[in-house]
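A short worksheet on the structure shown next.
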Amino acid sequence: MSGLQLQDLTKRFGSVNAVASVNLSVPQGTFVCLLGPSGCGKTTLLRMIAGLEEPTEGAIVLDNKDMTGVPTHQRDFGMVFQSLALFPHLNVGENIAYPLRIRGVDKAEQKRRVEELLELVRLPGLADRPVAKLSGGQRQRVAIARALALRPKLFLLDEPLSALDAKLREAMQVELRQLQQSLGITTIVVTHDQREAMTMADLVVVMGEGRIRQAASPIQVYRKPSDAFVADFIGMTNLLPLKGNGDLLGRSFPSLGMAVGPRGGHLSVRPEDIRLVSPDQGTLTGTVTFVRDLGGTIETFVDVEGTSIVAVTTPRERTPYVAGDNVGIHLPVESCVVLKG
Amino acid sequence: MRREPPRSLADYAPIAFPAIMLLVFFVIPFSTMIAVSFFRRDPAGFYSRDFIFDNYERFLSAFFGGVLSFSIMLAIVVAIICVILAFPFTWLLSQASRRVQIVWLVAILSVLSLSEVIIGFAWTTLFSRTAGLTNILVWLGLMSEPHALMPNFGAVLTGMVYQALPYTILVLYPAIVRLDPTLMEAARTLGSSPLRSFFNVIVPAMRSTITATLIMVFVFALGSYLLPQMLGRPQHWTLSVLITDQAIYQSNMPFAAAMAVFLVLMSLAFVGLTLLVGARKGAEA
Amino acid sequence: MTNILATKISRRAALGAGLATAGVLAMPTILRAQDRSIKVGVYGGYFKDSFDKHIFPGFTEATGIAVESIAEPTGEAWLVQLEQAARAGQAPADLSMMSQVAMLKGQATELWTPIDTARMKNAGNLLDQFVNKYPDGRVAGIGAVAWYITLVTNTDVYKDAPESWTALWDEANKDKIGLLALVSNSFLLEVTAKTFFGGTNALDTEEGQIKVFEKLAEVRPNVRLWYRDEAQFEQALKSGEIPMGQYYHDVTGLAAADGQPVRSTFPKEGGILDSGCWALSRASKKVDEAHEFIDYMCQPQIQAELSRKVGTAPTIRRDLLDLADEEFAAVSSEIDPIIPRYDLYTSKADWLNQKWTEMIAG
C-alpha cells in the first residue's frame, strides 16, 4: 500500500511517554495536520518521522519500505522547521540550492531548479537576496522552496506559520494547501491552531498526552468529536454534564441516559447550533448573564443551574437579549454529541 | 523602547564608570608607554624625558624583525590550532547533556586557573627525559630509551596551545550554545550527512565567531613570555621575552616601551587585516 | 647581581619594600623614642629575615643604635627610588645593600656618601675587591655579602667532578648544560676571558669582547637551557635532566647536604664572585651610625656568623676568621675568584646585551 504507515510508534524520554503507541495510516497525497496542545507529543512524532529522533519502539513505513533505521539525510523527506533554519551565511538562491549542491546536481540545473522553485513559492527573482533582508513571509516561502527542492516523497512542517502575524498566516494557510494540492505530495504539518488545521487538512490527527485522540476529516472532528478532550480542543463548544440516569442540568432525558451509559459523561453542543427561544419553549431555561455583540455575531451567555452555556447567533436572526432576560434554550437533537466519560 | 539623545551631563552618567575604567586601565598606561618609548635611555642611570627615535631605530634591525615575525607566527599558529581543536570540541560539548557540560566547563575553568608558571613546570616534567612521557613508551616497550621532548618548537607550541585552549573553548562556548540547533537538523533533512553538515553549515554560519576567537587567542598568545623560555631554545623566545628582559633586567624602559608599542601596533594591524578579509568574504557570500 | 634567595620571593619583597617606604615617609617621627637609630635596606625575603634574626639584634645590643630594616627589591628599582628620594632630600633607607652595577650607577650621580675607612678599626680586614671606590679613590661602599657562582654537576651523571670551566665547551656535554640567560647575571664573558684569554682584561676593548663572544658562542650546542628562573634549573639539575651548569655555590651546597645528587665545584680558573655593598645615601644624616654599622659588620666574628647562619662568603681575609675548613669551603674557596667586570655593565650595557641576545638566539 502506498503512503505512510506509523506502526506502534513510541518514544520514551526516561520514564515519560512522549509518544505512546501511535498507529496511523496516511494515504499518498494526503494533507495531515497533527493538532494538539503543547507537550502533546506532536512535534516528537514529526521528528521521529523525519529521523531526528529515534523511536523507542515501533516502525515507520513509507510505500512499503521500512524507514525506521534510515538516517535522516538518506530519507528524502523535506522539512520546514519552526525556526525556518535558513542558513545565515547563504543567500536565498544558495539556500534553496543547498540540497542540490549536496547531491552534486550540476550548476546550470541548480540554477534552473532554484528559479522554478522561487516561481512556485511566488518569489521570482529573489535568488541573490541575503536571507537577513527578507520579510517574515518571504523567509517562510524560501524555507518551503528549499524543503521541496529535492522533490521529497514526504513534506514535513513543524509549526511553520507560527511566527507570522494573523492575517499573513491565514493567507499562507490557503497558499500552502493550494501548493500541496498542485504537487500532490503527502504532507504532515504540526500545529496547535485548530483553525489552521481545519483550513488545510484532509486528515486532522488530534493528539493529547502522547496519544492519538481522534484521526478524521476536519468536519468529522468538528461535528463528531470522539471525546470531551477533542470536542473542547476543536473550536468553541458547550460541554454539559450528563449523568448516567439521563439528568441534564436538572431535567431528565432517559434516551440520553441510555446513550451515555451508567457512568455518565457530557453532552457537546456547538454554540452556533443552539437556538434561543422563549422560556416556555426551550429544552432548558436559564438567565442571560452577559452578551458580547461582535458585530458579525452575537455571543449570549446563559446560566443554567450554575453552568454557563454560550449561544452564537447573527444579528439578522433577532435583536440581542440583555443581561437578566429569562430565555429558553433549544438543543437540536441532530447537533448534540453524547460523549462518554 | 525609544532612545532619546542625551541632553544633560547627567544623561552621560551611565557611561562614566566604564569610561573612567578605560581611561585608568588602558588609556593612561598605554599613553605613558608611548611617551616613555621616546625617552632617552641613560645606561648609567634610568631614563630622562626627551623626544628621540633611538629606541625605535634600535628595534629596526634584522634581529628584532626576526623575533617579531617569529612571535607573530607563533601566535597565529597557536590561534589556528586552538580554534581547530576547540571548535569541534565545543560543538560536541554543546550537544551533550547539561550535566556533562557542567563537568567539562568546571574542568576547563580549573585548567584556566593554572598560572603560566605551573603549566610550564608541568610540561617541562612531562617532556623531560628523566620523568617524562617517553618513560611510559619505554615501559610499554615502544621505545628503547627515554628521550627529552624539549626544548624545541613543538614543546613551545604544545605548552601554549594547552594554555590557550580552555580560553578558546570558553570564548566559543556561549556563541555555539546560542546557535540555532535546527540549522544542523535542517542540513540533515536536506540530504547532508552530520559530518558534512558540520563543515558546510555550522562552520560557515559561525564564521564571525571563529574570526573573533582567532583574534582573541592570537592576542592572548602574543603576550606569552614564560612558556617560550621554559620549553624552547633562545631562538624560540618571543618579543615578549625580550621586552621583559629589557624592562626588568636591563632597566631599559624606553627600549622596552618601544618594543611593546611595536608589538601592539603589529597585532592591531593583524587584527585589522583579519577583520578586513572577514568582511570581504562576508560581502562576497 | 641578584641572588636566588632574594629573587625567589622578589614579588613579595617588592611589595614589602613599597609598603615599608610609604610607612617611613609618612611617619618620620616614630623612631624618636630611641636616641639613635638607622634605617638599613636589605634584599627582601631570605636576606632580610636572616639579618633581622641573626645580625641586627646583636648590633643594637652592642651599640645602642636601633635598626629599622627595610625590604628592598632586587634589580635596579631600589636605586631609582633612592635616587629620586635623594633629589628631594629624603632617604628611604640610610644604608642600603646594593649590587655592584647599582653601585657604579649611583657613583655616576654622586648618590653615595663617601665612607671614611679611617674611622673604622675593622676596615683593614676587608679583601680589596670588597671596597668599592669612586674613580678618584673615595670609598663609595663596603662589601656586605658575597656569594659564588660555580660549576655544578649532577653526581649520578658525572662520577668525577669537572676541574675546569672548559667542561662547558666539551663536545661530550652536548645538550646537557644549563646557563643563566642574561649577560649581566651569568658573567660568562668573564669566565670565557679568564679561561681562554688569560683574564678579564681581555674584555677591555671591543675587539677583545667580540673575540670572547665568538669563543662563548661555541658553547651553544651544549646548552639545553638558558634560565632566568633558578628553580627551573635547580629542579633539572637534581633530577639529572640537565646534569651540568652554572649555579649558586651556597644553594647547591644546601641541596647536597639534603642528600640531593648534586655538587658544586670551584674550577681551577676560579668561581664567579658576586657581591653586594653597603652604601650610604647622600640624603642620609646618619653618617656616624652608618660608619658604626659597617665597622660592626666587618668584624671577623660577625663575618663568620654570616657565613654560618646566612650562607654568604666572607668579605674579609680568611686568616682572621675562626671558620673551620669545612665551614669555609661551604661558602667560599681560596682559589683566586673571577671578579665580574661590573664597569662594562654600566658603560656598554646595551651593546653587550644586544650582542649577547643575538649570540644565544642566533
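To keep things simple, chains are lettered A, B and C as they appear, and every chain counts its residues starting from 1.
The rule we apply is simple: a contact is a pair of C-beta atoms (placed from the backbone, for glycine too) under 8 Å apart; a residue touches a chain by one contact, two chains touch by 3 or more.
Remember, it's a predicted structure, so these values are computed and weren't measured experimentally.
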| item | value |
| --- | --- |
| Centroid comparison with chain A (C-alpha atoms), farthest chain | C |
| Per-chain CA centroid nearest to the all-protein CA mean | B |
| Whole-Å separation of chain centres (CA-atom averages), chain A against chain B | 53 |
| Distance from chain C to chain B - Cα centre to Cα centre, in angstrom | 38 |
| Between chain C and chain A, distance of the C-alpha-averaged centres to the nearest whole Å | 88 |
| Contacts with 2+ other chains: residues of chain C | none |
| Sites on chain A at which at least two other chains make contact | none |
| Residues on chain A engaged by chain B in the complex (per definition of touch) | 50-52, 71-79, 81-83, 85, 87-91, 98-99, 102-103, 146-147, 149-150, 156 |
| Chain B - residues contacting chain A, complex | 180, 182-183, 185-194, 196-197, 200-201, 204-205, 207, 285 |
| Interface residues, chain C side, partner chain B - complex | 75-76, 79-80, 83, 104-105, 108-109, 181-182, 184-185, 224-229, 232, 235-236, 239-241, 346-350, 353-354, 357-358, 360-362 |
| Touching residues on chain B, where the partner in the complex is chain C | 41, 43-46, 58, 63, 67, 117, 120-121, 124, 128-131, 148, 151, 229-230, 233-235, 237, 242, 245-246, 248-252, 255 |
